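Here chain A shows up in two complexes: once beside chain B, once beside chain C.
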Partner chain A sequence: MNKVLFFAHLRDAVGEEFLTVNASGKTVAELKAELSAKYNLPKMETIMTAINEEFASHDEVIRDGDEIAFIPPVSGG
Partner chain B sequence: MNYEISKEPINIQAVIDKVVQREAGAITTFIGTVRELTHGKKTLFLIYEAYEAMAVKKLEQIGAEIEQRWEGSCVAITHRVGRLDITDVAVVIAVSTPHRADAYEANRYAIERIKEIVPIWKKEHWEDGESWMGNQLETVAYPSGKPEAGDIDE
Partner chain C sequence: MNERYSRQVLFPGIGKEGQAKISSKHVLIIGAGALGSGSAEVLTRAGVGKLTIVDRDYVEASNLQRQQLYTEEDVAEKLPKAAAAEKRLKAINSDVKIISIIGDATPELLEDLVVGVDVMLDATDNFETRMAMNDVSQKYKIPWIYGACVGSYGMSFSMIPGKTPCLNCLLRTIPLQGMTCDTGGIISPTVQMVIAHQTAEALKMLVEDWESVRTSFVSFDLWRNQYTSMKMSKAKFPGCLSCGDERTYPFLDHENMTKTTVLCGRDTVQIRPSIKGELSLDRLAGQLNSLGYTVKGNPYLLSVEMGKERMVIFQDGRALIHGTKDLTHAKSIYQRILG
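After this line comes the complex of A and B, so read on.
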């Protein structure tokens, strides 16, 4: 299984800090499209993705146990 | 622990003390504070949220980039999370280097990189509403999906 973390406006949209899903074997793009449709997530084209706390590209394949995070454009500083 | 996310007010001197070194001829300190007015719009307070584990890693990465690019440099960064009021300190960056020009340059590099790659978000609370920044009309758009140089002149 995979923990999927949401932040900022995505957390508001999903209504949860994280979901537990089975994303093993899917690409980042596939998982993103699936959750985007299911939760009607806004502006997903601007969202970066991290796997195990490191930025990942759209075609990276998720393995069982990976922690996924959807990263909206950051605004720290 | 030169790179930290803090739920408590930042002790500025403690961040500076981390970069003291005998080889240094300069320490620059950047203190980012909460501004009341942005383009005439009045902020009441901010909430900062972080993906803490990754944020610390990305701060460490920025420090490593600086230490590679500016020889003899030493870096410490603490970013605050939680509710911050106007004038509160949101981030402190201290950089020491053998010569002053590098200390200024490297410190500027650190804050610009924070605004590109560190997973921290701020929610602005105004008199007439609230919004996460980085994704709304009140700030820049990110057509490429990530912040670009030039978007970061706040």
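After this line comes the complex of A and C, so read on.
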């Protein structure tokens, strides 16, 4: 299983700080698409992903036990 | 070394030598809103040699809650932020050479201003300018420090050309509907936390303590009590058009910029975003409604009353700003809402 953490407006949209899902074998892009559809999340292409606190690209494959965090870049300043 | 900087000189990371370096360096700050006014004050007090600050807006009442350089008088006089900032910064430290530029930070202006600059600080409110800063940073080999915040959520990342990944490696494209302070609100402590990260990094770079520069991407939520630090050692993208071998600096190209035109015979400016995509008009309407704006719409467009002006936003991101002929002002209104 995998713990998936959400930040900023994603957390509001999902309604939880984290979810536990089985994402093993999926790519980051696949997991994004799945969550985006399930929770009606805004576009996730430019949301950064960390796997075990390390930057991960869209095609990186998630392994069992990996912790995933979705970090939306914001533009306010 | 005078008494003024004695406490900073006592700090082992800086010392006499570091202070001498700080006072010989030039920092360029793009934006004089919340982040820009805070960072400019920190660096002016720290005794940087020369500080250039760029901004296209004037001071408004809604700025005073967090933009620390400005006063009610500045609002009453509708002073440009860059001019109000210069006045206050000169009063804080007359040793520092302060240069203020009232204008839009276009790629052309950035390329002009960057000559002789040691560090660039990001204090803008939109990704188009950040991507241009990123390309300028790579082209002229000048480090820059990304910082941004919305609500209680903030982030920062230091980029050194040739050493770290760049912003284009991380995002690959400009986020179309970035969260901004005008759509998501903002509390002052979030601003201060981002400023603390950006200016600490700037001081490390100014004293040339490159070993101490943070290599991770920091993000935090002060209300939800979260703090994350993402390692970036694998983030460099070999095919990156900004920092890769076949770089083209795409964001310095006029083709990839937001286009503004005054519509002939009308008090209206048209804005065309550089990136193609579909906005979520429902979500935007909800955000604007909750901020108290009067929003009307249909599935194709939203019409938003914004004081003197009215903005009509279409699903493809194009917008008409009615009630102004000022291109820079219109672009500022647009990017305040859409990032």
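Criterion: the second predicted complex is superposed on the first by the 73 of 77 C-alpha atoms of A that agree within 3 Å, B and C clash if a C-alpha of one lies under 4 Å from a C-alpha of the other, contacts with A are read in each partner's own complex, and residues count from 1 in each chain.
Quick note on the criterion: contacts are C-beta pairs under 8 Å (C-beta built on N, C-alpha and C of every residue); 3 or more make two chains touch, one makes a residue touch a chain.
All of these numbers come straight from a predicted model, not from anything done at the bench.
Novice: Which partner does A:P73 reach: the first (chain B), the second (chain C), both, or neither?
Specialist: A:P73 contacts both chain B and chain C.
Novice: Touch test for A:K43: chain B only (first), chain C only (second), both, or neither?
Specialist: both
Novice: Applying the touch criterion given at the start, work out whether A:E17 contacts chain B, chain C, both or neither, answering first, second, both or neither.
Specialist: A:E17 contacts chain C only, not chain B.
Novice: Quick check on my understanding: which residues of chain A belong to both its chain B contact set and its chain C contact set?
Specialist: Residues common to the chain A contacts of chain C and of chain B are 7-9, 42-43, 45-46, 48, 50, 53-55, 69, 71-77, listed in rising order.
Novice: Which residues, counting only chain B, touch chain A once they are in their complex?
Specialist: Residues 32, 48-51, 53-55, 57, 79, 90-91, 111, 114-123, 132-135, 139, 141-142, 145-147, 152, 154 of chain B touch chain A in their complex.
Novice: In the complex, go through chain A and note every residue touching chain B.
Specialist: 5, 7-9, 12, 42-43, 45-48, 50, 53-55, 69, 71-77
Novice: Provide the residue numbers of chain A that touch chain C in the complex, in ascending order.
Specialist: Residue list for chain A touching chain C: 7-9, 11, 17, 42-43, 45-46, 48, 50, 53-57, 69, 71-77.
Novice: Mind pulling up the chain C residues that touch chain A in the complex?
Specialist: Interface residues on chain C, with respect to chain A: 31, 33-36, 122-127, 130, 147-151, 153-155, 165, 170-182, 184, 186, 217, 219, 221, 224, 226, 228-235, 237, 277, 280, 283, 339.
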